[in-house]
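Just passing along the structure, written as structure tokens.
As written, the chain order gives the labels A, B and C, with residue 1 at the start of each chain.
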Amino acid sequence: MAIRRFLTWCCGATNVLLIVYGALVTGAILYHHPVRFDLTAKALRTLSDDTKTCLAGLKEPVRVIVTFGEADPAKRLVAGRVFQEAQDFLREYTLASPKIEVIDVINVYQRQEAWQQARERFNLTDANRVTFIAGARQQDVRLEDMASVKYGRPGSPPLLESMHVERAFTAALRRLQGAPCKAYLLANDGIQGQTGPDPANAGPGGLSAFVAELRANNYDVGILDLAREGKVPADCEVLLAAGLIGPLPAEIPAVEAYLEAGGKLFLAINPQYSPRGLEFLEDWGVAVLPAWIVMEHQLAGTKIQTEHALATELNELHPIMRKFEKDRFRMQVTYARPLGGAKGLHGESVPIAGVKAGNIWGERKAGTADRPWVCDANDYPSAPDGLSVARVLETESESGAVARIAVFGTWTFLGNERLHEFDHASVLHNTLWWLIGREEQAGVRDPEVVVRNISFDPEGKVRRTLAWAMLALVPGCGVLAGVVILFVRRK
Amino acid sequence: MWRRTYWVFRRDFIAYFHSPAAYVTMVGFLFLNGLVLNFEIGPGRAGGDVDIALRLLFANYFFWVLMLAVPPLMTMRLLAEERRSGTADLLMTAPVRTGEVVLGKYAAAFLFTAFVWSLLLIDVALLAVRLPAGAEMDWGKIAAIYAGILGLEAFFTAVGLWASAFSRNQVVAAVLALSIAMLIFLVGTYHELFSDEPYEQLLYGFVSVISHFVRDFAVGVVDLRYLALYAIGTAIALSMTVWTFEARKWR
Amino acid sequence: MIEVEGLRKRYGRTVALDGISFRVNEGEVAGFVGLNGAGKTTAMRILCGFMPRDAGAVTVGGVDVGKDSLGARRLLGYLPEGVPLYPEMRVDEFLRYRAGLKGLGGAKARDAVARVLGSCDIADVARRIIGQLSKGYRQRVGIADALLVDPPYLILDEPTVGLDPLQVRRLRELLKEIGRARTIIFSTHILAEVEVVCDTVIVIHRGKIIARGGIPDLIARAAARGARPATLEDAFVALVREAEARDVA
């Protein structure tokens, strides 16, 4: 009798175990084959084809570390939102490709120890970024890359306008994966040594960070003494000159020959000294003129010899602008504003410049194709119209080769002190990608996540009506329905 | 087979509408959810961002209390009451299989739970109507959220039904079901206690229901793996219900 | 024909049925009598397939209850002890639901419900809520349910408990009427009923059948053992005493 009962029990138990086993097997299979449906109205969570191709082409594992944390409560809301979005997208990336692994998400204020360790281990400069690491190379995606944030007047909280997380992430992955680019940095007669723009100088004014940044971004950087070598090496994909006052006469033919053969030239002029020897660029369409602007200087209030401050004008910039939200970028330059007349050392009339470090929003405005990067008048009400930062152009030489030139009227944004501030590194990278013809590394098209910054009902009126409806009206209807139905039934 | 299942389902489903307890649950549910929703759209929480408000809703423990408590309240009497009052004799001497009874009762409990949750749509619609200009409700997102809610509630309902088969006492059944649901819920919730690693690295990150909601359903993505997880749980709980109910007949 | 052969059932250590065997022929009304806890309800629950048995064979109309429980249940109408009903349902809703459960659909179900409402004399309370009905009406609703599919076999577990004399009499008449074309087993410990309604009696005591047969048979048998039974009740008491004495010995 007991055996019979036991057998029945066992039969039931076996059934249950079989179902459990089948369920677990199904679960294990499903776990490795995620099927996801994006139900959002604008398919915000669906990765673009570009991204999928990029992920499919990943050659080596990519580790990702997210560090965020914002001390300022006004900004915390924005940062929190953007990094939430970043984590959401990382999730899509990790599910789409097994090669991508998120190793940690660190809130630097909550987990300071982990943050310190990660900082040392991955050589992170700052928090509030998503770092993609492949082998020894790594790519940072910063908050500014992922979102367009409108900074209002001091004291007012920044407003999040839109987010482009996918664009930033895929660009970073492409940069990590691309073939190395051979670049040569001109060792020129600019101010060298301890304070000047020299790659060996690790001080505030040096270019060591510039070279390190390039190497971290898959550039193979060589130092080229053109006067000694006499010609640009054949494998040079882009020729860099930062902090340049002027090339030596012997160097000019080499540069010209290089451009003639379809070379790419990146030039950041040192505006603190009168440039010389740059007239040859006029043949290529670049006129280096004196102007007010683009003086990078850390000492506000310094008297500046404005006639030496150079700005070059820009021509056609669209590929470079691609990365920037609504064709905007942000650089911090020192804007020299005339404050009125003053007497110079020798009694001459010298305009005193109130020097102010501030954000300059570059913007390509309609109708000013010749001056596409201009200062946003809202940011700098007193700025002269047509505040230009750089000029880039593409020309076809007689041999049919296409040369590209980018000239910046300043170099200090590339210096150790400034390179990792604001959009400086992005401006550099965008320009270089355009020069070497790898614009796709700037990003992919993705649906714009428009943030609904609703100042929801400041007076609380709507909320009050909602509260009444949700807390009294709707449950009240439930009570009424219950009473009516039960009463009618009892009758 | 389906006709008998249908009649079991029909009786139990209609019985909900004739029981005061269901109305009390419904009204309490509406009130509490209204409270939570009002709190989350309030100042200092979502800052008026509907997306964030929805996401905060799923991180709110109040919401989870409802998530966990509604199914046991709906299932606690289904089988326990039949056995206590002796109607189980009546039911099981009709030519119906245990599986049909369990399935019918499960369908009734689940559909009523779904009905209770659908009442929350009234609140969401109210919110959508009163949204300021420039903001819009992403109904696709709401659909994804409901897919999640219904999937998980289907699971918890099955667990509740099992508890109801296990005990003759309604209160015991409810407490047992709530405890199991709570355990399932807590598995991934306190992952901080065990590790600093992010969710993805860990198996219990995958089974953490709160993260399913906060990270996927609330952002508008329906991940079939989670729904499959709930379906697996449901299948296990239902087969255990049949087994338990059969075994209880020995006594 | 209902046949029970060597049926055994135990709850833990308590033996509820200790190898009982009996047979109820077509068209018979059999009374199942015994003291409280004698195993009547257990036997009936097993008979109608609600409870699994430990050993033995049970066939109802040629269908093995253990093997084809569903098929046996189709042939049976069962009124459980205490007439458990869903108190929140209306009478007609309840019967409609039961008809559906028993596999009747549409017009057939409606006809069946109308028929049992009439035959059990409960048409006047069809729209009442079961919880508000008197005990007599509830018994009749229970019987109506058992009669829904017009089953050839009926098993009624203590149908007359708690009824007033008038209700008992009406129920008896009802049983007589429906018993004309059916095989019925009904359990009770009120022997007066058995005398009025049953053709045969099965006496069960402590999980064993101690006597079975027609009423005159039993009285005669008791008389043969030295008692002087005038009624079935006396015969029953004598049989039980004898069985107890056997147990002690």
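Here, a residue touches a chain if its C-beta (ideal position, glycine included) is under 8 Å from a C-beta of that chain, and two chains touch if they have at least 3 such contacts.
Owing to the predicted nature of the structure, the values given are computational and were not obtained by experimental measurement.
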| item | value |
| --- | --- |
| Touch-based graph of the chains, sorted into line, ring, star, complete or other | complete |
| Central chain (by mean CA position) | B |
| Chains linked by the largest number of contacting C-beta pairs | A-B |
| Between subunit C and subunit A, distance of the C-alpha-averaged centres to the nearest whole Å | 85 |
| Separation of subunit A from subunit B, taking each centre as the mean of its C-alpha atoms, in whole Å | 44 |
| Contacts with 2+ other chains: residues of subunit C | 52 |
| Per-residue multi-chain contacts in subunit A, two or more chains | 5, 8, 489 |
| Interface hub residues of subunit B, defined as touching at least two other chains | 18, 250 |
| Residue ranges of subunit B in contact with subunit A within the complex | 17-18, 20, 23-24, 26-28, 30-31, 33-35, 37-38, 41-43, 46-52, 55, 119, 122-123, 126-127, 130-132, 134-136, 138-141, 143-144, 147, 196-198, 200, 206, 215-216, 219-225, 228-229, 232, 235-236, 239-240, 242-243, 246-247, 250 |
| Residues of subunit A that touch subunit B when the two form their complex | 5, 8-9, 12-13, 15-16, 19-20, 23-24, 26-27, 30-31, 34-41, 44-45, 77, 81, 84, 87-88, 91, 94, 102, 104-105, 111, 114, 451-457, 460, 462-463, 465-467, 469-471, 474-475, 478-479, 481-482, 485-486, 489 |
| Contact footprint of subunit C on subunit B as seen in their complex | 3-4, 6-8, 10-11, 15, 18-19, 85-87, 89-97, 249-251 |
| Touch list for subunit C against partner subunit A, complex | 8, 10, 52, 54-55, 129 |
| Subunit A residues within the subunit C interface of the complex | 1, 4-5, 8, 489-490 |
